[in-house]
Every structure is written in structure tokens, then in C-alpha cells.
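So, here come the structures, one by one.
Each of the two complexes below includes chain A, the first together with chain B, the second together with chain C.
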Partner chain A sequence: MSELTGVIHDIGYQRYTGPRLGRRHVFGALYLHGVRTAFGLGRSAKAKIFPWLVVAIVLVVAAGLTAVRAQFGEVVMTYAQFADAMSWLVIFFVAVAAPELVSRDLRSGVLPLYFSRPLPRGDYALAKLGALATALWLLLGAPQLVMFLGAAFTTGDGMSGVWHELLDLLPGLLYAALWAVVFASIGLLIASLTGKRAFAAGGIVAIFLMTTPVVGVLSIMPSPTINELAFLASPSTLVGAVGTWALGDLLVPEGQGGGMPIGDFGPVYAAAVVLLVAGCVTLLLLRYRKVAAR
Partner chain B sequence: MALLATESLTKTYGGRVTALADLTVSVEPGIIGLVGANGAGKSTLIKILLGLLPPTSGRVSVLGLDPTTDPAAVRARVGYMPEHDALPPDLSAAELVTHLGRISGLPRTVARERASEALRHVGLHEERHRAVGGYSTGMKQRVKLAQALVHDPDLLLLDEPTNGLDPAGRDAMLTLIHRIGTEFGISVLVCSHLLGEVERICDTLVAIDGGRLLRADRVSAMTSATDVLAVEVSEGTDDLAIRLAALDLPVAREGRLLLVPLADEATYDLILGAVAELDLPLHRLDQRRHRVAELFATREPSHV
Partner chain C sequence: MSTVGWITARGLFGRRRFLILLPLPLLLVGLAVLCRSLNVAPSDWGPAVLVGLGLAVVLPVVALVVGTGVLGAEIEDGTVVHILTKPLPRWQIVLPKLAVATAVSAATVAVPLFVAGLLADSVRLGLALAAASALGALAYSALFLALSLLTRRPVLLGLVYVLIWEGLLGRFADGTRVLSIQQWVIALADRMAPTDLLGTTVSVPVAAILTGLVAVGFTVLAIDRLRSFSVAGETS
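Moving on to the complex of A and B:
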């Protein structure tokens, strides 16, 4: 370098001849950027307040549950139940993070800068979706890990106790992943429709809020079939119903009650979740096909 | 190899609105001005060149690649500066340009280095860590130019780069574009609705109107032999015209003026001699350079 001669040269414009990374790396860069954005990293201090408040709440709750269990030996919540209990926080987190991820880009007009680069428009949407789902999964999964570590260190049964805890934890993490994917795909689809973040946040909360009374109405109709299918009407109860079916007593421990009376319709709920997610992703991709051409 | 080439390129929206009609043009590397009024089809052409819009019919090639079949390869080698606001206000210029560099496929550290280099070249260095929301219009335009440069493209597509700038800012932007085209060795396509602005920095001009090609040529070819002497006498204009024609000078009338192409310095002497011999009151004799605008203006009616 020029330090040797002690003279600073204006080196002018340098052409770049190094490697140009492929589609996978570009996708990864956008995805990681999205996960950071969801937690307000690399943004202003104001953008960090809400995500980290939510993170703090779930971690404190997890720590409290762990402490209660260590002190009194009482399991207040299973891992899977934790995700259910935190669902309202997750909804608010989605309502803030999804507009941050996509509405902001629509609003600021930055999308032409993305789509004039070798980034397929579908990749943009899928990277954002993956980022939001990952953020949600971390939000629900990290506290479960705290609970697991607490339980593992205080277990009285040695390694077999740890193993037993792990077998409880893994379905809990899977269930958290289901929450994450369903909420992320619905939230991101709604947020992608508007550049106004307040509208997007309102729309997301509304979808989850407004559908809950529908479930209530359907579940008191005078038909057992309708009652048992009532939970299809709202995303939150839909996920809960799938959990009830797939996880059984991990979500609804014996003697606690409160599970969802879905009858024999478990597979219907599972199919409904798959269709819901597939539909949201398809609409999201169609949406960006239109946006990119503008 | 042509930098850009289109062949009977046509784009209609919904079968009704015609944005481009049978456009055939081919240009060599350099600085190209794409001029036309608002709505002439400039932005549509750029979107087709980037592979963002499929043409209704016709063929197009950019850097020898076909953007309709291989858009990723084209976009990897092209930098695009959009016309409208395109910057998220809460990010700093350095963060944004680095991020977009990575989306163009640069490795992480390279993206960071090249982002700060690109921002330095457009004249933003100290300010680059401040949030873009607080920038002036001129600074925002520079950030938009820097993000188009960050991945070292072979071709820059600039859509109205002087939009919203004051006269000093326009001059600075045009000087910068000229430097990119000459010193950096990057071809540039500059879109503008202001011909007078781009003709100063371009080698080639492409003029379109209503989606049709008006004219495409090198600026040198358009302006050569266009230096003209304008002669005005208070009376005896016809006599002078006859006299000059007798001297083998191709005279043209334009109102009260006589226009004589300037061949060399002797042309002045011939005209002055003729005026003196006829003893006419010379009102004015001056050289005027044909602006490219006039060339387009005279050709327009025959094409539209």
C-alpha cells in the first residue's frame, strides 16, 4: 500500500474481478438480514424496543416456570403448552415484525433496487418468509431451551432424566415451528399488501382477533360435527387443534383437561394447516410477481 | 458487439396502451442518452432491458445476453438507478449499499469495501454512516448512483438521474456520469426528458417518442457540419442571397436570416466581401452551433 512511500494516492476506480456468489448465497444474505431486521438489529434503537420487550417477557416467563419447577417440583406448563400460552405475544410480534420486513420495503420504493439485481422475485418473498418464521421459532424455542436446561440441571434421575426431558422438548420445538410457519405465512401475506406499517399491523391483529369469536359461535351450534370442526375458523385454534391431535398428552396432560374437543377430525385439521400455509405462500408469490413488474 | 440491441421491440399493456412500437435500435458502448418526453416509453424500455417486463413481441439483447431468457445474468452485469425515491430512510448509506452489494452476489467483506468506495466515488464519504432519511435530494441521488455502481457493472441504466436537482446539482451529477463513462470504463444509458442536458455528456443519442424511434446516432455525426453562420442585413437580403449563391455557398433562408454552412475561415471573408461589394448594412454575422434538439425537431413530423 501507499504507506511505504508516505504518499496518499487517489487510486481511482477499481474494477472488480473477484468471485460473484450464486443464488444460494444471495438468498442467505437476504434471509439473515431479515432475521436481524425482525429483532431490530442493525436498525435504530426505537426499532429494537418492541422485539426485545417480547423476548424479555417470554424469557422471564420461562425462567419463572423453571424456578417453580425446581423449587416445588410442579410442572406448570409443558414445552408445547408454552407455545400455546404465548400465542398472543406471538401475534403482536408478527404484527410488528412482518410490516417491518415487507411493508417498509414497499413504502420506501426499495424493491426496484432488489429486483434489478440477480435475485428472483420469488426468492425475495421466500427469504422474508423464512426470516420471519425463524424469528418466531426462536422466540418460542429459546424459552423452551431455558426450561429444558433448568430441568436438565435439576433433574434427580441423572442421564435418563435428561433424556426424558429431551423427548419432551423436541415435540415442543416442532410445535413451535408449526406456530411459526402458520403465523409467519399469514402475517407476511397481509403485510405485503400494504406499504403502511400501521395498516399492516392492524390487519394482522384483526385477522387473529376477529376470527376467534367465529370459533366461539360455531362451537355452541347445535351440531356436534360443526362444534368439532369449529376450530378451523381461526388460525390460532387451528394450530392448537393440530397440536391436540398430533401431540396428545404433551399438550393436554392427563387430568388437566382443557384440550380441544376435535373428535376424530385431527387429520382434517392437519390438512387444513397444510392448505392454509400453501395458499398463503402461493398468494405471496403471486403478489410479488405483480409488484416486481411495476 | 453491440452494447444494446432491439429488434422490432413492441410492448403493449393489456392490448390497448402501446408503450413501445416496433423499436429497432443498436448502440455501441459509451455514454448513451435516451431522450423522449414523459410517457415516451423510456422506463418501459429500461424494464425490458432488465428483464422485469416481457416484451409483447420483438427481440432484445443487453451485453450480448437476452434479458427475456436469462435475466439473472443480465442483472448481474447491469446497475440500475430508478427514477423515484428508493431509499429506506432509517438505514445509513453505507449499510444500504453494502446490503445491496451482497444481493448482487459480492462476498460480505468485499461488499463493505466496495460500498464505501462507491460512496466515495459519488462524493459521499464522511456522511455515509448517517441515516439516509436526513439526506438532501442531491445526496439521495448520489446514494442511488452508488448502489448501482457497487457491484462493478458493465452497464449502468440511469433513469432521470438529475430529477429534482438544482442547477448546480445537475451539473455535478452530469459531470459524475461523464466520469463514470470515460474514466471508469463503464457504459452508461442515461434517460432524460431534457435533451439539452444529456447531449453535453453523451457519445450517442437515442430519441424516442410515443414508443417509436425518432433517431439514433452518434452525437458527432449529428453535430458535424452543423456549424452555421447566420447573416442578417437590414435590407437587400435577396440580393445578398443571390450573390452568395454565385460564390458557390449553399445559402438557406430562415426568416430574415441567411444561413451559410461554415466550411472554414474563408467563409467569413467571402460573406464580408459580398456584403461590402453590395454595400449593404450588415446587421449581424455570427456563428451558431446547431443544437441537437433542432435536428430532432426537423425530423419529427416525418416519423410520427
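Moving on to the complex of A and C:
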């Protein structure tokens, strides 16, 4: 047996000695990555098709409404009614974005990698939730901004006209935020249950669509109380009812017959929204307390 | 039933996720029973439950999940090569899978629709709805099966059709209804049992011919696509 001559070469590996960014930065990075993922930014062209299809449709509709208003001076839809009219597209966008955000991580088994970093479990879920809510708010807010700009530049009353228009826009954006939070929390919870994106998308659409006819049936029951509480049954009408109660005339001007016949149950609806969102977030956090390695 | 059919059926029922299909039919029956027991007039709740929930939501969503699942699931996890490398003509792969998809979605949708139609009007309406929804399940299944071979994201593309084409455009632009499977099903059911509960602008012969065309056309397309099918990884 010959003499051992092996040596260990120093090929320059070094420990990292730079600054270590804290929890806030991890959260921020995950959040920003989530928002970009929702729109397919930084990904292949195929991943951009569906998000940008939805964005294109809402922007075209907004541009059309603006053009009608500029040409004929007729307000087809207020800012809040725009959010209501786009509800099916919002559902579709959730069905596209939510599985991209959480189901892919489940399927490719990278969650143990995430959680081996100094990242609390809750932060992962909350960052994804925040990203989806932001993406939805941008989806609803951007067309409203287009409508606002169109109205502001064609107003005949100078600055006061612009100011009035801005006062109309702000409740609309607030209402869009309510939409975003409710739909994001429900959609992300459903998507986090399965690693198959296709199945998550189907489940989200099924949950949102199957609740709408329930409202229709409940609102023709032979009892005024049930009729006024019927809008609790579906997320989209629930959001509409809370908007009617909280923002009221700010959303739909008088004389348009807008708003929902919710009677005196406004606070019940507000409590229901808070409970719904809180429940979904709690379940989401519970969901990520323990994740399978594969 | 061929071996391919058995494998497909076991693949569908053997997984826990099939259970998410159950709430939809149960909700349909539950609402119909609730309305009937409270003596609400059928003309009030009929359209909302039968068309709004049954034909516009339950039928397309069930057919979408099942129709893209029978072949799409195997393509996604790559096990489709095991079937493709067997010395089977392609039609012997596509047709059993289509049959299983149609049978499962038709059974899931037709039974609750029969019950709802029975409670709304008569046995005849129930049978008409069941038969029409079975035909609709065939057309939807053929469409979604072909989609799962044409694109890597069949569910999302199918949702575009169901939500945006049939849902959004069907409400605002009447012309698109001619090319909507949902409207054909309504037309066929209304022809088999004329009532006030169902109504559409599409004529019955057009609906019947187009349903047949879609069912046959997309099946042929699927068989043709499977002839030169390239197995690739998951989309990015």
C-alpha cells in the first residue's frame, strides 16, 4: 500500500459574512414574487396568456365605457357597478392566479425548502394572500383609473368636476379592495388544499358559481327576513350587500335603483364578511402548520 | 367494457378529489326539495334552479372536471405513455375514455336534474331534462377531452369557454348563444317537454345538429391529435 498523498485544496469557498436581511425582507420578497406570479411576470409567455386575457378584457370594457361617456355624456356604469359587472372575470382570475401561487409549491414539493429558512409558516400564507389580494385589487382598480382619467379629461366643469369625479372614484377603489380581500381569502384557501392546479381551478369556480343561484332561490322565499338575508349565501352578493350598507349612495347615485334590498341587516352583512375572511385566513394558517414533504 | 375504460373509471373514482363533485348535485336536489316543501310557485324557482344552477353551473363544471381528468390527468403525470405504447388503435383509447367521462358526468347531473324537474313540473320534464343533460354531457365531454389534447392548460381554456363565452357573452350578446352547448341543452329539453320554465332563442333542429356535430367532430379531432402526440414536461 502506497503512502497517502491526498491533500485538501483550498478552492476559495467562503462563509457569507454580509448583512442578513430579516423576516420583513423575506416576507417582502415572497409578496413581490407572488404579485408578479399572479400576472405571469418573469415567467414564460404561456403563463401570461390567461392573466393578461382577463386584464385586456376589463381594460377594453373600461375604455369602451369611457368612450361612451365622452361621446354621449351618458354614465353607463358607476365605478362600483363596474366591479359588480366584472365578477365572473374576477372569479376566473382567482381560478388562474390562486393555483399558480400555492398549488405549484405543493406539487413540486418545495415547501420544506421554504420552511427551512427563517420564515414563519404564517408569513408564507399571509404573503401569498396579500399578493393575490393586491393582484385582484389592481385588476379592478386599473380599469377604474382608466375611467376616472377619461372622465377627468373630458369634464366640462374644470377642477371642481375633476374633484367630484375623484370623490366618486375613491369609494369605488375601496369597494374593489373589499372584493379583492374576500375573493382572495376564499380562493387561496381552496387552492391550498390540492397540488393539482387544474383541480384547484375547477374547485374555485365551482364554489363561487354554485352559491349564486342559492341567492336567487332564497330571495323568492315566502319570508321577507329570508329575502333580505339571502345575499349572505354567495360571496359576490355578500360583498355587494356590504358595499350597499357601508358606502351606500357613494357607490350608486340616487335614482338609479341601485343597491340591494338588505333591509336593516347591514351590520349582519358586515359581521358576516369579517367572519368569512377571518375564518378563511385562520383555516389557511392552520393548513400551513404542517405540510407534507412530498 | 374495455381495459382502458376500467383503468379510466378506477382513476376517476380511486382518488379522494372526486368527492368535490358531490356537493353540486346535492345542492341542486336540496334547493328543489326546499322550494317544493315551502310551496313556492315552480315558475319562480324553476328557472333559477333548473337553468341557473343545473344547466349553467353543475353540468359544465362536472363535465369539465371529469372530461379533462380522464385523459388530462394521465398526460400531466406522464403515465399516458404506458397506454400509448400498447398496440392499440388510437380510437380504442379515446372512445372508452369518452364513454366513461360521458357516463360519469351524465349520471352525476341527470339524476339530480330528474328529481328537480319532477318536483318542478312533472315526470316528463324530469325525463326530458335528464335526457337533454345526458346529450349535453356527451358534447361537453367530447369538447373537453379534445381540449386536454390540444393544450397543456385544458381546465383554464375550458373555464374560458364556460365562464366567458357561455356565461358572460351569452348574457350580453345574444348571437353567441347559437354556439353555446348550454343553450342547445335548454332547447332540446324544452322540445321534449314544453313548459314555461325553459326558454331559449336557439331553434331545436339547429341545437340537435350542432350537438351531434360537436360530439362527433371533437371526438375525431381528439383521435387525430392522439395519433402524433408528443409527451412533454409540465408547463412553466
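Everything below uses one rule, namely that the second predicted complex is superposed on the first by the 274 of 294 C-alpha atoms of A that agree within 3 Å, B and C clash if a C-alpha of one lies under 4 Å from a C-alpha of the other, contacts with A are read in each partner's own complex, and residues count from 1 in each chain.
To be clear about the criterion, a residue touches a chain if its C-beta (ideal position, glycine included) is under 8 Å from a C-beta of that chain, and two chains touch if they have at least 3 such contacts.
If you're wondering where the values come from, they're calculated on a predicted model, not measured in any experiment.
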Practice problem: Identify the partner contact of A:133: answer first if only chain B is touched, second if only chain C is, both if each is, neither if none is. | Solution: neither
Quiz item: Touch check for A:221: first (chain B), second (chain C), both, or neither?
Solution: second
Practice problem: Name the contact category of A:229: first (chain B only), second (chain C only), both, or neither. | Solution: neither
Practice problem: Figure out whether A:110 sits in contact with chain B (first) or chain C (second), or with both, or with neither. | Solution: first
Exercise. Please work out whether A:205 is in contact with chain B alone, chain C alone, both, or neither, and reply first, second, both or neither.
Key: second
Quiz item: Does the superposition put A:42 against chain B (first), chain C (second), both, or neither?
Solution: first
Exercise. Applying the touch criterion given at the start, work out whether A:118 contacts chain B, chain C, both or neither, answering first, second, both or neither.
Key: first
Practice problem: Please identify the positions on chain A that touch both chain B and chain C, taking each partner from its own complex. | Solution: 43-44, 47
Quiz item: In the complex of these two chains, what residues of chain B are touching chain A?
Solution: 47, 50, 52-53, 71-73, 75-76, 78-80, 82, 84-91, 95, 99-100, 102-108, 110, 114, 117, 121, 131, 147, 151-152, 157, 180, 183-185
Practice problem: Within their complex, state which residues of chain C touch chain A. | Solution: 17, 20, 23-24, 27, 31, 34-35, 38-40, 44-45, 48-49, 52-53, 57-58, 61, 64-65, 68-69, 72, 76, 152-156, 159-160, 162-164, 167-168, 235-236
Quiz item: For chain A, which residues count as touching chain B in their complex?
Solution: 12-16, 18-23, 25-26, 29-30, 33, 42-44, 47, 104-105, 108-110, 112-120, 292-293
Self-check item: chain A residues touching chain C - in the complex, by the definition given at the top
Solution: 43-44, 46-47, 50, 53, 57, 88-89, 91-92, 95-96, 194, 196-199, 201-203, 205-206, 209-210, 212-214, 216-217, 220-222
